[in-house]
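Beneath this line is the structure, given in structure tokens, with notes to follow.
Order of writing sets the labels: A, B, C and D. Residues in every chain begin at 1.
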Amino acid sequence: MDENKRDLIKLIQLNFSHLSKGQRLIAEYIISNYDKAAFMTASKLGEMVGVSESTVVRFANALGFSGYPELQKSLQELIKNKLTTVQRLGMEDFSDKENFIKKVVRADINNMRTTLDNLDNDTFYNVIDEISNAKRVYVLGLRSSTALAGYLGFYLSLILDNVKVVSFGMSDIFEQLLRVTKDDVVIGISYPRYSKKTLDALQYVKKQGCTIIGISDGNLSPISKISDYTLEAKSNMVSFVDSLVAPMSLINALIIALGIKNKNEVSTYFSKLESIWDEYNIYDDKNKSDIIDYDL
Amino acid sequence: MDENKRDLIKLIQLNFSHLSKGQRLIAEYIISNYDKAAFMTASKLGEMVGVSESTVVRFANALGFSGYPELQKSLQELIKNKLTTVQRLGMEDFSDKENFIKKVVRADINNMRTTLDNLDNDTFYNVIDEISNAKRVYVLGLRSSTALAGYLGFYLSLILDNVKVVSFGMSDIFEQLLRVTKDDVVIGISYPRYSKKTLDALQYVKKQGCTIIGISDGNLSPISKISDYTLEAKSNMVSFVDSLVAPMSLINALIIALGIKNKNEVSTYFSKLESIWDEYNIYDDKNKSDIIDYDL
Amino acid sequence: MDENKRDLIKLIQLNFSHLSKGQRLIAEYIISNYDKAAFMTASKLGEMVGVSESTVVRFANALGFSGYPELQKSLQELIKNKLTTVQRLGMEDFSDKENFIKKVVRADINNMRTTLDNLDNDTFYNVIDEISNAKRVYVLGLRSSTALAGYLGFYLSLILDNVKVVSFGMSDIFEQLLRVTKDDVVIGISYPRYSKKTLDALQYVKKQGCTIIGISDGNLSPISKISDYTLEAKSNMVSFVDSLVAPMSLINALIIALGIKNKNEVSTYFSKLESIWDEYNIYDDKNKSDIIDYDL
Amino acid sequence: MDENKRDLIKLIQLNFSHLSKGQRLIAEYIISNYDKAAFMTASKLGEMVGVSESTVVRFANALGFSGYPELQKSLQELIKNKLTTVQRLGMEDFSDKENFIKKVVRADINNMRTTLDNLDNDTFYNVIDEISNAKRVYVLGLRSSTALAGYLGFYLSLILDNVKVVSFGMSDIFEQLLRVTKDDVVIGISYPRYSKKTLDALQYVKKQGCTIIGISDGNLSPISKISDYTLEAKSNMVSFVDSLVAPMSLINALIIALGIKNKNEVSTYFSKLESIWDEYNIYDDKNKSDIIDYDL
């Protein structure tokens, strides 16, 4: 997206002197109420301000947009991270029970398709190499991204020797990252509403010279600016939940590719694990490990 | 699926006397090597045993399958939970780098489509009601399902008062579930290789009379037999990772539906939270909470 | 301790005009270097400033102290929470290997004796009653107090139904405490360097009308001011570690007293647990639970 | 304690032929009901069996004890790890409210004194060296020892680079320890009722050739047999709680000694941490870090 269009507010201010009187009313309304405007139709927005729908469309054109939908999209981008959870909940209802679940799952499927479209193969395989060659791999994800960080860390630990999941706990985030060096890789996972602590921590580790791999929702994400590599997977604003389905799928691809690249280590690891289970008889004969064979 | 077809080994044994000599060779090979056979084409399987491809097809018919693909599917179901991680890794390669990621993500998308197709709307809305009306809601998920349980618990806690995530820790799983009563709901999340501990725990809570909601990968899952409601979301056996993408999407739908049904509680919750942030000045003015507004 | 004496700096400022020239030198030195002065003998302090030891003693008297030791104690109280970890480490050495361990353990024993001397029986038994009668019991301890909170929560959960350990994790501290009501009890554990977050959280729950039980190191502790009951157990400043030995002993007494008061619940709990172990055969016959009988 | 006396059952069997008829009744009763006998007076025990109190005393003498109290102590040692939690709770009451807390805290003080008496200085300083020189340090403690392991791990991480706390979680204990090598140190913390999993895990790591440091309650502890070094700190059987006060004091001494030995690393660590806090302005000016200065 054009840098100017992203910053709608500035764009409006730059063009303000060229706007008609009616367009200025719209501009002023948007500046004060962009969070509401973002979810109005052109007709509704005109109504609120007291101008015609076609004035709204011309306003969009005056700012360089091909039409109102494009302006609206830009508005929604603008507020994406500013929406409070309550506002986001208000945006949703499920009067159409039949189609509600479909809507949620399809939104996730669409995010995954966009993720596939945006994914750069070279970046992906560079990331695989960086992780494989790192002295230590840190995985950092806070708030709802904690689930993704834990999941990624769980599988990475099967493949690699020196993996550390960084999360809120007895020790502070900075304490856990204090010894990062230039030979390490830090994987930062961050989704709206972006955690400031994650960004601060990544800024600190960047100064230590380590390689930063960001998993986030695109170039608007604050961590994409400081990451050496960004893997982009869309999240979802269907409602008050940040759907982390597309990032999880991307993380799967990452784990599998790493597993294949490090096939021998993984095989050794699991052979060792299975022989431990046998040797220590920790588990029933029938149920090696805490895992069941369903009744055949 | 037909009970007999599920237990392929028994099915083969029952029909053994009626099989031709060539078919018996196939039967014997499958009994000893079902884990390999499950991933062979009819032609390859015939080659291994020394019979023609059409003998393999007739063998499938003799067991009551409409064709080889149906037999193979049954074989794969059989071994699903028996595959060791190392075997699963061996099944994959990524010589085709261009298409590797697409393959993983598309497998997830397919799982999500199957999930949508299989989902029963009534079950879904009954589950919403049960969770909303429960005295206490326990969320149980071990091993890689820990990530899903934590994610679901995190969001449920925003909506409901009395949510408890049950996972390995200082206290045993049973200790954490000991006080479950018939007024409670236990949500059990279980994916292959199914955790025995999860099943044991669900069997215990069932005896206490509580309502069990299973989130699992279908009717073959051991927890589907004891759950009052099963929400089915496919997992993925692309490689050694159990992709939990489709279940996560289903969980999102669950959380959003619950949030909408309990809209007022959620609004109250967040209003309270934001006023706390204001009152205690714990965060910067510009950055309420640990959340950032990217630079506009 | 007298309020004024606690704020030594103000006390010095108030009395400055009445001090002799030599005393003023001491006053100025202390104001700038109280962290060093606090650990000097009267003679050493005099030497640093260029006055006699007796001038130092008269200075203490001029401020209202009965002697130099009393002034020094006040100085040490002042800096207690201001000492950085590095400074505290510098205060220690272990040239005398023979006696080093004894010194640490004896300091802990002394803390426990002081704890016993300061403990008010009525407060203790009121606390037992409050916890037993609460609708929900929250245990809050951050940083190194996390260990104590986890330990207390582990045992309380055996005795009581509705115990929640509050600590850093996926959810914020405030989110975890948001639903506290006047029928609940919050046990806050806080030791130097006191966590601001713990204090903020306790201030919030106080407004909700719940009962606050503080476990801390005395009346100087910021949480003692807002607690309904304070159980005082000394911590230890031998070095950079905050010894939590005396508080742990106090917590044991608390748990045991609660266990005895709720003997029937505890018996029921354990009977139930042992029958689960039997019923589900989860453990070896010889080794019920994850517990071993040593070889007799 | 004499090895024979420790194994009372064997001692009784060895001496059985020399016992009088009345003494044999006592012997048989004890073999079947040692858990009850251990808490009876001589008079009560005689009554149960139908012999006089003096026969009980002579029975004690016949086994080589100086009197009944010594026999009883041996009996209590025997059952220490066999007592169920419910039995242990039954052993306690707090009719004497005045002295109850004192009793608990004094029992802890006595444990600490015994700990000091039994501690071998050479072992202690060898342990300090082993930990300082290890490539990686694992800290393993389950059940209630989780609190000690977390506490020790928290402080060790300030001093050393490569510390890993091993506890129940998404990954199994064995998975977390799988990559242990001979250059590593594993610190195992285990108290009655000893966790079998801890012992199994230590047996596995021993085979990998690493150095094992046990923190436990003495030579009867199963981990003392496989540890390279055992630091003994008594726990407490006042009631159903395993008091971990003495081990915590020992752990403090360990941390402080390690901190002093690695003074420079610790200083560097904290200087770095404080400069991070300054640089990122993550905290209020007045309250660096999540730590408060009480009102001066």
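The criterion applied here is as follows: a contact is a pair of C-beta atoms (placed from the backbone, for glycine too) under 8 Å apart; a residue touches a chain by one contact, two chains touch by 3 or more.
By chain, with names taken from UniProt: A, B, C, D = MurR/RpiR family transcriptional regulator.
Source: prediction; values computed, not measured.
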Same or different contact residues where subunit D meets its copy subunit B, judged by the half mark: same
Pair sharing more residue contacts (C-beta pairs) when A-B is set against A-C: A-B
Centroid distance [mean C-alpha coordinates] between subunit C and subunit B, Å: 46
Whole-Å gap between the CA centroids of subunit A and subunit C: 41
Computed distance of Cα centres, subunit B from subunit A, in Å: 24
Residues of subunit D touching at least two other chains: 143-144, 146-147, 150, 154, 158, 170, 197, 289-290
In the complex with subunit C, residue positions of subunit B that touch it: 150, 154, 157-158, 161, 170-172, 174-176, 178-179, 197, 200, 203-204, 269, 272-273, 276-277, 279-280, 282, 289-290
Partner subunit C, residues of subunit A touching it in the complex: 143-144, 146-147, 167-170
Residues of subunit A defined as touching subunit B within the complex: 7, 9-10, 78, 81-82, 84-86, 89, 92-94, 97-98, 100-102, 104-106, 108-109, 112-113, 115-116, 119, 121, 124-125, 142-144, 146-148, 150-151, 154-155, 158, 193-197, 199, 220-222, 236, 238-241, 243-245, 248-250, 252-253, 255-257, 259-260, 263, 266-267, 270-271, 274, 287, 289-296
